[in-house]
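Labels for the chains are A, B, C and D, by order of writing; each one numbers its residues from 1.
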Amino acid sequence: MQLQIGSSRITKKTSRLPHEIILVHCPDEVGLIHRITGVLASQQLNIESNQEFVDVTTSHFFFRAEVSLSTSCSTQSPAQLKNALAHVLPEQASIRIVSCEPRPVVICATQEPHCLGELLLLNAVGELPGRIVAVISNYNSLRKLVERFDVPFHLVSHEQITREEHEQRVAELIDTYMPETIVLARYMRVLTNNFVDRYSGQLINIHHSFLPAFVGAAPYRQAFERGVKVIGATAHYVTAELDAGPIIAQDVIPVDHSFTSRQMAQAGRDVEKIVLAKAVRLVLEDRIFVHSGRTVVFS
Amino acid sequence: MQLQIGSSRITKKTSRLPHEIILVHCPDEVGLIHRITGVLASQQLNIESNQEFVDVTTSHFFFRAEVSLSTSCSTQSPAQLKNALAHVLPEQASIRIVSCEPRPVVICATQEPHCLGELLLLNAVGELPGRIVAVISNYNSLRKLVERFDVPFHLVSHEQITREEHEQRVAELIDTYMPETIVLARYMRVLTNNFVDRYSGQLINIHHSFLPAFVGAAPYRQAFERGVKVIGATAHYVTAELDAGPIIAQDVIPVDHSFTSRQMAQAGRDVEKIVLAKAVRLVLEDRIFVHSGRTVVFS
Amino acid sequence: MQLQIGSSRITKKTSRLPHEIILVHCPDEVGLIHRITGVLASQQLNIESNQEFVDVTTSHFFFRAEVSLSTSCSTQSPAQLKNALAHVLPEQASIRIVSCEPRPVVICATQEPHCLGELLLLNAVGELPGRIVAVISNYNSLRKLVERFDVPFHLVSHEQITREEHEQRVAELIDTYMPETIVLARYMRVLTNNFVDRYSGQLINIHHSFLPAFVGAAPYRQAFERGVKVIGATAHYVTAELDAGPIIAQDVIPVDHSFTSRQMAQAGRDVEKIVLAKAVRLVLEDRIFVHSGRTVVFS
Amino acid sequence: MQLQIGSSRITKKTSRLPHEIILVHCPDEVGLIHRITGVLASQQLNIESNQEFVDVTTSHFFFRAEVSLSTSCSTQSPAQLKNALAHVLPEQASIRIVSCEPRPVVICATQEPHCLGELLLLNAVGELPGRIVAVISNYNSLRKLVERFDVPFHLVSHEQITREEHEQRVAELIDTYMPETIVLARYMRVLTNNFVDRYSGQLINIHHSFLPAFVGAAPYRQAFERGVKVIGATAHYVTAELDAGPIIAQDVIPVDHSFTSRQMAQAGRDVEKIVLAKAVRLVLEDRIFVHSGRTVVFS
């Protein structure tokens, strides 16, 4: 399914990613890094890189390491490593050991091709650290674009069924692919709390953002009328409160009075696809913690 | 490329600026540029640069030209030029002829030095196309900073008087300087409609801007809690509706999870001073039209 | 705000673009705009937007207008309009009348998919104001990517033939498509002066750019060793002097010490594709003049 | 000498800075963080924040922590802490313990006020994490600007003496202030290797940077003629090889064809002062390591 640019590309991707990623967060206390690195050293794990952060406001500790196994040894499994870490860490510690297999991603979209296309393209040329396994849409208009990339396209129409029924069908489809991450690439459906809860921590959304914010319909019309000078985009995890989930990435691009509202919308699409691609890469490389409604991003 | 702080600077500034700036806006119709440039050509005015824009949404025409007089001739005054232009333009046309003298600016501030200091510094080193003639504050804490630059500092305390009395005293002080532009450089006073009307089109304000916008107190605390990834600033004309006046300039700077709310506030100050300085320069070079609540900026 | 990939898109594009674009440049003299707009007014042409610039250093005048015909009249052809303009302009004036048909573009590439893919994607979703009619490569590795988009892919191997023979074959292929614009999307061939001359003003190239510039092989290795903090890209017209043609667009993205040279190369690819797409859009919308080795970009 | 914005400002600065900064770098080996944090834990030092980085290319380890002492205990001195760390680290390890006193800075300038003024202003309003103790110039033209801020200004004319004699006088003056950091804020003197060696690792310089780079005189004239679309600035440590020292910070700002070479120079000054201020703040907060000609910046 993936474009091969000669075999060297495969090698590049593999060698670029480490063998295991270790993610730990817990209430801060003295000596945490000392204890974690003690476990790693005792198992002859080579720390390729690590990042650590203490949020002094909430007194919470975050740790991410990319480690490689010494060749000769280490018959230990990730589960055993996790146990060993749990043994030295506070009870409330969250510990994740992630292998570097590219993980499956499902994309939900509606009718706009810009964000979806960008992700499909990155996937096709080997620049997405994951694997898009399916696209689900409530319209048929994106089918051709998706099929260009040999990715399965599923139409789940929302017509003549309830919101709950529609979500149920979408969820059943999603589940057949067992993705860890579901990207809402301009998926123009209001989600029920039920759906959001079902995929808690797995849903990533993108929306345009303005200074100041505009409520109500036709935001680009409002942005035009207000004469804004930048247009932004925000990628975030989805939570029950609409558009208020933890922010993963944001950026803006400049516009000026000569932009019509249609050209502002074009600028908005340009920045949306860049910000969403950045966020999806960060998520797929396991560089993000969510805690107390905020992200810690080890980029 | 060298800068002299002294009289030579004046020469440079003068030579950089054209002799006259012509600003016209009116409902669009066929042949407007033809008619304007006809008047200029007939008076042997040399167009050093010009910019023209038609807002197709409102069907409104904007024109700005920097012109120089041919040496030999042109005993015509700006008033005569304006008359000649009015003669060929629609009745509703707004016509301004501005000479390139650096114009007086008054700054109102409260206690924060970052925006005020930036403007005073640009003024001192000859990089502001205007002249700061006074600073007015409702506290005394910025006095020393202002006096470093040999600019008059006026304390107008708001204590033990009504808002209206305070504004009246400030206005009387402002009026002694006859400024065309009044910059609110973090002036933390709510203005009455009366004051805003009195200086309609003359008041420039700066405020921090967030994606998403935060209402209520302690915005940096909220920005921190929401984990924003950019912090912005907006410079705008002041109108009766708070913070909703026509936008002159906007920009953002990146922040991340490692910023405390105090460091976010520092980042906010950094971007505020850059955006305000940009806006003030644009205003003082007469590069801005305001129409239908939006600016047209010929930068 | 919704995008239809299908025939409705054409309508949108057409309605967004004006009916004719008029481009004039010539040595500056008094009254040029007056004369041009006089011709337009006399033909009942509606100026949708126009931009004008005088390069005071070279005393050269540039003018671009988007005009629409009044419905009732105007049996005049573009050729007649051009004649009418030539009649009132200096002899040396360059005058172009361009209709708004999306024009054919040929892309030359070698083995890297990022720039090529971005252009193919924009083309597929209707966000490129032109039409990619063919891709030519000296390797076969990009074939699959191109064919995903139903665009003809031509392999012209450079093996076992001279540079001149290879270029001759490429040129013959290009000419069958009669493109106005040829985009070198990471086309890693040194071009002969002969080839550059043959397509003078039609070739657009993209290359990475560093502060400071690095000469010699492995620039990303050098950028890494020097610890640069930004990586840039430059899109430019191709002239005989390598990489010294008129610049169309430039931008940079931030990097830091944690980037390996491979990750710097990834960052470089990200900015290259953004800058090239921007440049190609500007070219296809006829927003660029080239004069005295510089571009004037009416964006 | 410093502007006091009420006593709260002092508090803010003090509370913002940690009590001690620990900087370690050495060849990487297993268990380094474990050993360092073990020493810190055993001394009841609270890690407020820390950052760690392994440069896998050179296999070199970098560590920075901000630590606070528990109130009740710790009669240990920085020297004792350093010894304890040295005891557990490789012999080649570089260990620095820095207290958070704002450190003295000397600025060398020539005639341009923009970078100097920005630093003086930040210093005056309490936004520079250091203390400017003197300005030295080979011209007298900046005296007034410096004296506005009650900072000693020293004229050391280069006329009628050799380069070596001039540098000797400058060095003697610098040494009376015992600064750790010397900022060359557009100091237009070619430095001898002797001078550079004397202040190895202490000299910070700013210069404009272009894409592409321009050699020879009048770079802004060249940038104009080449029609560049961005203008940048680079702040770096000074080494024997001119402008090739380790890069601390870089940024660019957009320009276009409408900028004269004088306006490009203005844009260059704007970005220079922003980049230099950023670099000086990073240096004064001890966020920078230099190794193998590159910086590691823990921002």
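Here is the rule we use: contacts are C-beta pairs under 8 Å (C-beta built on N, C-alpha and C of every residue); 3 or more make two chains touch, one makes a residue touch a chain.
Note that the coordinates shown come from a computational prediction; the quantities given were computed from them, not determined experimentally.
Student: On the document's contact criterion, could you list the chains that touch chain B and likewise touch chain D?
Tutor: A, C
Student: Shared numbers divided by all numbers used: is that above or below half for chain A and chain D, i.e. same or different?
Tutor: same
Student: Sharing more than half its contact pairs with B-C, counted by residue number, which one of A-D, B-D or A-B qualifies?
Tutor: Most of the B-C contacts reappear at A-D.
Student: If you take the mean of the Cα atoms for each chain, which one ends up farthest from chain B?
Tutor: Chain centre farthest from chain B's centre: A.
Student: If you tally the C-beta contacts for C-D and for A-C, which one comes out higher?
Tutor: C-D
Student: With chain centres defined as C-alpha means, what is the inter-centre distance between chain C and chain D in Å?
Tutor: About 42 Å separates the centre of chain C from that of chain D.
Student: Which whole number of Å gives the spacing of the CA centres of chain A and chain D?
Tutor: Averaging C-alpha atoms per chain gives centres 36 Å apart.
Student: Roughly how many whole angstrom separate the Cα centroids of chain A and chain C?
Tutor: 34
Student: Quick check on chain D: which residues sit in contact with 2+ other chains?
Tutor: Only 49, 53, 56, 258 qualify.
Student: Show me the residue ranges of chain D that touch chain A in the complex, using the header's touch definition.
Tutor: Per the stated touch rule, the residues are 30-31, 33-34, 37-38, 41, 44, 46-54, 56.
Student: Using the touch rule from the top, collect the residues of chain D that touch chain C in their complex.
Tutor: 53, 55-57, 209-213, 224-230, 232, 234, 243-244, 246-252, 256-258, 260-261, 292-297, 299
Student: In the complex, go through chain A and note every residue touching chain C.
Tutor: These residues of chain A touch chain C: 3-6, 12, 16, 49, 111-114, 117-118, 121, 124-125, 127, 141-142, 144-145, 148-150, 220, 258, 262, 265-266, 269, 274.
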